[in-house]
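I have placed the structure first, in the form of structure tokens, so that the comments after it can refer back to it.
Chain IDs A, B, C and D follow the sequence of writing; residue 1 opens each chain.
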Amino acid sequence: MDHAALGTETDNTPFERKPEMTHTITAMMDSSPAEVAVDRQLLAECIQACLECAQTCTACADACLSEESVADLRHCIRTDLDCADICETTGRVLSRHTAPDVAILRAVLEACARACKSCGDECAQHAEMHEHCRICAEACRRCEEACNNLLAAL
Amino acid sequence: MDHAALGTETDNTPFERKPEMTHTITAMMDSSPAEVAVDRQLLAECIQACLECAQTCTACADACLSEESVADLRHCIRTDLDCADICETTGRVLSRHTAPDVAILRAVLEACARACKSCGDECAQHAEMHEHCRICAEACRRCEEACNNLLAAL
Amino acid sequence: MDHAALGTETDNTPFERKPEMTHTITAMMDSSPAEVAVDRQLLAECIQACLECAQTCTACADACLSEESVADLRHCIRTDLDCADICETTGRVLSRHTAPDVAILRAVLEACARACKSCGDECAQHAEMHEHCRICAEACRRCEEACNNLLAAL
Amino acid sequence: MDHAALGTETDNTPFERKPEMTHTITAMMDSSPAEVAVDRQLLAECIQACLECAQTCTACADACLSEESVADLRHCIRTDLDCADICETTGRVLSRHTAPDVAILRAVLEACARACKSCGDECAQHAEMHEHCRICAEACRRCEEACNNLLAAL
């Protein structure tokens, strides 16, 4: 990936000043008075993956909607919308540490891994034709893996 | 409060003009060109129960936050917030009929039934002390039941 | 509207047992220890209208996606998705009464009225062709009006 | 915590393999067939800022809830919850480029800037006492500025 285009290292764009998302996620976790019940790195990675996947699925649904071949992308749009909603909710639940309920956490992570699997499979079928589907399939794979890693550590 | 105050049947308040929520949910379902893959009445009931439970949990978390005994209601607030997010997402997923994915539907309904069970149990413990917890526990029970009924029909 | 079809009064469907949404919204409001800063009836109507409009817009976007003429409904789907998100957030903000911030409330209601105006106008153009757009346009009009009524009372 | 621990530059932690959030946001924008109606860098920064602020506000509300002094943090929790909802919705609306409606975009950005201003002001009052409020105040400031920058470019 071309970091320079995003303004890291060598230029003076505003991006340079900003902390990475994962840094902020971890800093918020570390400053909570609540005990964090699971592995902190796996948790931070999963929150990050959920937020990224939610944004990517929302954007992929919209990009599909603008394609000439929109009628062939109905399944993809539907799965993108479901996956975006589920990832967003999972990211929220994972961002809370007060009085955790492992049964809820487990059920939400399973739903999220399932949605990411379905959406990743669907987007992968259009990956050669549509770059947004290729990127979205990768975000879904990362999020599915992050959910499964966290589930294994619960 | 009594029902009459809300304008049913006998008076002239603005509520009278408005269609019931369940009517609108059903009318939207019936006007979709997509095939509805599950029992329509169970589906409409579940969407309605999810929306009601999401609103009630959001309101219960806020009411708990305003209680003098807020420090004793941390668990309740946390579970309310999770349950609200999960019910809202479930209501959205259920409102779509294009290209359904039964595995996603099942996983989301299981997560929703689980969150409603936990939140209903927690709120029930405060039901005698706090009317908002009593109402919220009932909304959670209805939503848990509606999710389980729909799961059984999938 | 045909009430009987939904199971009120004269038959034994499960709907009969359930409280109306507006009843639950009002009961939660009345049981909050927080002072409710605005007219309670206008507030309850606005929360109800937001929830209904959010669900209807989510369903209308999906119904449009399943139409043969989906390529002509891109604008409608886009506006439906934005309106659903904004109405849902507005319904959440309005469901909280603890430590209100009138500037936030006003800005959110203005955004919601604006989204409902745009979405209602767009759906109205397809109302004769698509029943889901006709129903959605009406839900948008009700929500726009409810937001404006509440704004006028702030 | 320090940046090195998150795997930038010099080590081999899993984070290193992952693209930055802003990179993914920009890549999705660039692969959309829809015309992007506003300055792409300002837009990508604003989406990023909204997602970060939403996550941070959700985590700050939860951290406040776990503080011994929760009764003194009611205002902060309430504003965090509103700000999280509004930022999330704004991030979604900004992630769509099909058939844009400038009036909706403007109204949503104004609501988001307003929520971030209120939440940033509130969190800043607790910044010396609570690290999570200090980090959250900064995320709110960045998001408020990003919304205002984008508003100025519309």
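Some observations on this one:
Everything below uses one rule, namely that a contact is a pair of C-beta atoms (placed from the backbone, for glycine too) under 8 Å apart; a residue touches a chain by one contact, two chains touch by 3 or more.
Computed from a predicted structure; not experimentally measured.
Here B-D and A-D are compared, and the pair linked by more C-beta contacts is A-D. One simple way to say how far apart two chains are is to compare their mean CA positions; for subunit B and subunit D this gives 28 Å. Averaged C-alpha coordinates put the centre of subunit A at 15 Å from the centre of subunit D. Residue positions of subunit C touching 2 or more other chains: 62, 65-66, 68, 74, 77-78, 81, 88, 92, 96, 98. Because contacts link each chain to all the remaining chains, their graph is best described as complete.
Residues of subunit D that touch subunit B in their complex: 61-62, 65-66, 68, 70-71, 74, 77-78, 81. Residue ranges of subunit D in contact with subunit C, taken from their complex: 74-75, 77-79, 81-82, 85-86, 88-89, 92-93, 96, 98-101, 103-104, 107-108, 110-111, 114-115, 118.
Only residues 1, 3, 6, 13-15, 18, 20-34, 41, 45, 47-48, 51-52, 55-56, 58-60, 62-63, 65-68, 84, 88, 91-92, 95-98, 130-132, 135-136, 139, 142 of subunit C touch subunit B when the two sit together in their complex.
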